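If you scroll down you'll find the structure; I have some questions about it.
Labels run A, B, C and D following the written order; every chain starts at residue 1.
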């Protein structure tokens, strides 16, 4: 028993050394994951597949059980979890929950070796405030929101938009690569979120624009496939027209061909536009199209279409119920 | 000297033969061109370069003189001009002038071999009405509006969007290829215009969207080049962000780097949105983003920016005159 | 037979004198009415009630029969009708029908004593063009569109917005007063239409604004009646909030309390906004709110709400189908 | 001595009665005022004029000196000030400053007789949270934002929109009447702010609508005064068209006749729309017109017009710089 204690302590020391060595060269890490929802569950699984040791928490017992079955250690308290990990990911629904979660995890001090990485979509201002609070306690905090949706999370093909120092970016890159295929350094703290919000605002606008243009072209007599080809080889092309056309029958893999199920929900794009709208207000940035897009998706949500892919805006606009 | 004459005449004969061989089956045609403005002048010149015999008309004498110097025959009356040509192009500023021009050209009958091709940007409804009037007289009429702007007209790299029958499309393709590099058959009469208007509406929307997203990202602290790279490899990308970024310093060839000179003027995109808005009204098509874009460019025009490239919308929005 | 001719000619002379006398003091006139729809039928009836002799035309036989039963003379040809009247009203659905109707009525000359009065809602540009054509033939033409809807037409409480000279306004005022209670001289030809379109654009905007403000206030916890009282005694008040509140239970007489039936249909306000949008485009007038309002009503129409009162926009926006 | 005790107790009883009596009939109170800016300075002065004893605080020494000269007691610490007053008004620039101010004033306990009244314009959510915090400490807190601007503050003609219980409304009414002429009970805590934000959103929308309608009417040829009369007696009328017409020469007392100076600044309406937009987002309320209005005023602000009266939106839109 004493032997076991000794060897456990030796093992721990060995582990610590190994981890420190690995943090630039790769290798198995102790990784925390708080938030095991549609996205987080897949992301945590991919970290296990890549050989890392996962320490997880979620308020949903089934979500925890699913990760436990794959080898993760489940915690009842995030504060305890946070003490045991090299990297700690949070993947949570909104500003308030992210804020409360960090409050809880760091109230009684932090493990100074931990890098906290928030992959939720939140206000860049909150990122900056969390970074200050956590760095004041001696640990590090960066933002790394994602795009790519549930399929990207499942297939480990997410894009990560990282806000932090060059050194922090380098320190987390290898771990992020277990979950994504494009890891972009956007700038300082909060710039990952800023990039995500501005990109998604553009996406939100262009999806409505494509829906209007396709609908108009079709009502004027054009064949939708013909018009999509024209636009896609011309100045009107965009990701939404090429890769995710909202008209059924045009892009085979798009949600439009699957009754607008799956994909990127109207609820989520509405949430992102709410955040973008907030930072536009605080920075006095005119966003007439972004603001109108926000209201249009909000209207779709009110009409009961919140859980559908956001390209359903085409379907809504094409209606002719006379 | 006689040698020179002979060799010149031989050269001409050789050229004619070569040209005839080069077009698919045709060869040198008698082509009419009515409207020798910024676009039409270059287009007519390119037809001459391709070996065709040009018959031209414009209300501007210098415009006519310039084409005459290149070998074109200048007419005082378009009705007479129209009797002498295989193909007749019109490239005119608006619905009313196009309508009046066809009225004049066809009032006293038509040459039944002539194919009239309108490359102006007009209402698809007018196209259909002109097609009926002209086919009733025994000739043919199709729409073939262009995109690519003055540089495209000069370098013969325009895109033509053709509305007409398959046979008519095939009949005009070789001639259009003397002026453009992409000749698309969009569908029946008016569908060329419909495609152009819907494409340009999308372009108008995405340019404002990109301007808002770039401006927001920059005010939040992102570097414009970094953000442009992120958006261009992500779901927010569009032609305007990739090829024609409105922020100076991002796309080297864009008008943004040349004080928003040249390019596609705010006046012209406002005109196209006016036409798109008209057909959206008559077809009861909701175009919230298109309508807002229309008002934004109209406001720029009112602010004295009508002659600037339409990407100046970024410059207008980024202002902070406190 | 000669007696008959003589007496007819005497009768005519007597009639002319009588008409001249009446035209300033009132008295029975020969009045034509072309277009006996929901509005026109009531208006023509009110002219009969006021003692005038009505000469009517409509493509609907029941509409004609109804007026015949009240004493009107029904015509098969408007050209013939127009020869027999002092005043001729047109109350027709749109630009094209108004244009065609005047073409038909005046093709073979006009009775130079006739004042043509168009009470339809049409483009002010068409008004000006009709005025030129008709005055060139020797008769007079003015615009006098109405507001007040079917109830106003029925109860003879319409507002007439008159475009024409002071003399013409004075010449028609007494007749218009048989159908309305407010006869406003707006200015020269077309200014009646201009006033109506600009007023209705404002109405369209404020109805949506009130709907948004009421809905927001209620979602934040305010009682709708309390909030309506606050707004109506404050800077947010408008006709739509005071007289026609879109929230059921607030204004007892408003269509909101009758399942949004009756009133001013979404179809009609959409039509008026289409005309306003057209003249804004041709006059380069920025109308961002007007254009957005247009798209919102157009969307309601597409959602099958075209025949409902336009205040149904509140009902549409308040939905929460989760 | 016993007499004295008796009389002291009688005096206390009498005082209580008096206070109770005063609370409906008036009488001199100890009133705190935190925030002596453009609005607050005048409001505090009016309380002095009405016979109350003022206890004031502001970070600006001149603002404090000005009130001191009128008889107010100036404090260095708001916590101390708050202990000495029956009513304490806060009139501060934004959410954060209001929040911080209450934190400071109540950190070391409260005088349980004090009614705190916030007349700033802030988020209704913050009102509810402040009410909970302060009532938990034993004092009362209500919201009573104002409309009427600097002239209303100066002339004691403000409108107060009160959120709180019926009893609290009755308790503060007499004091508010020293500063305003219309004291409205809007509902429970936060409902004063909710009413103000929803009313001002409507005002913001209708001012732009009136500007568009006036501009359109004028460009079509109508005289602005004639059109204003038409609209004001018709369905397009609103407070902005009647009392505050944005076209110079129409409403003599409007800022439009004074180079858009004074009045209600573009900066302030933009701020209010930012708050309205925030609560619309959190309550999922569609506000398409409100959101567009927000962006339009924000654009005016960016163009350097933030300090001008918000009716300058007309002047901006009417521009024709060709």
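Keep in mind that, in the parts below, a residue touches a chain if its C-beta (ideal position, glycine included) is under 8 Å from a C-beta of that chain, and two chains touch if they have at least 3 such contacts.
Treat the numbers as computed from the prediction; the structure is a model and nothing was measured.
Any chain that touches chain B and also touches chain C is listed here: A, D. Ranking C-D and A-C by contacting C-beta pairs places C-D first. Remark: chain A and chain C have CA centroids separated by 56 Å (rounded to whole angstrom).
Once the centre of each chain is set as its mean CA position, chain C and chain D turn out to be 43 Å apart. Touching of two or more other chains is recorded for residues 284-288, 292, 296, 299, 302, 317, 320 of chain C. Contact residues on chain D toward chain C in their complex (touch as defined above): 124, 147, 159, 161, 182, 184, 186-188, 190-191, 194-195, 197-203, 205-206, 208-210, 212-217, 219-223, 226-227, 229-231, 233-241, 243-244, 276, 279-280, 283-290, 292-293, 296, 317, 320.
Chain A meets chain D in the complex at residues 274, 277-278, 281, 284-288, 291-292, 294-296, 298-299, 301-302.
Those residues of chain A that touch chain C in the complex are listed here as 288, 292, 299, 302-304, 306, 317, 319-322.
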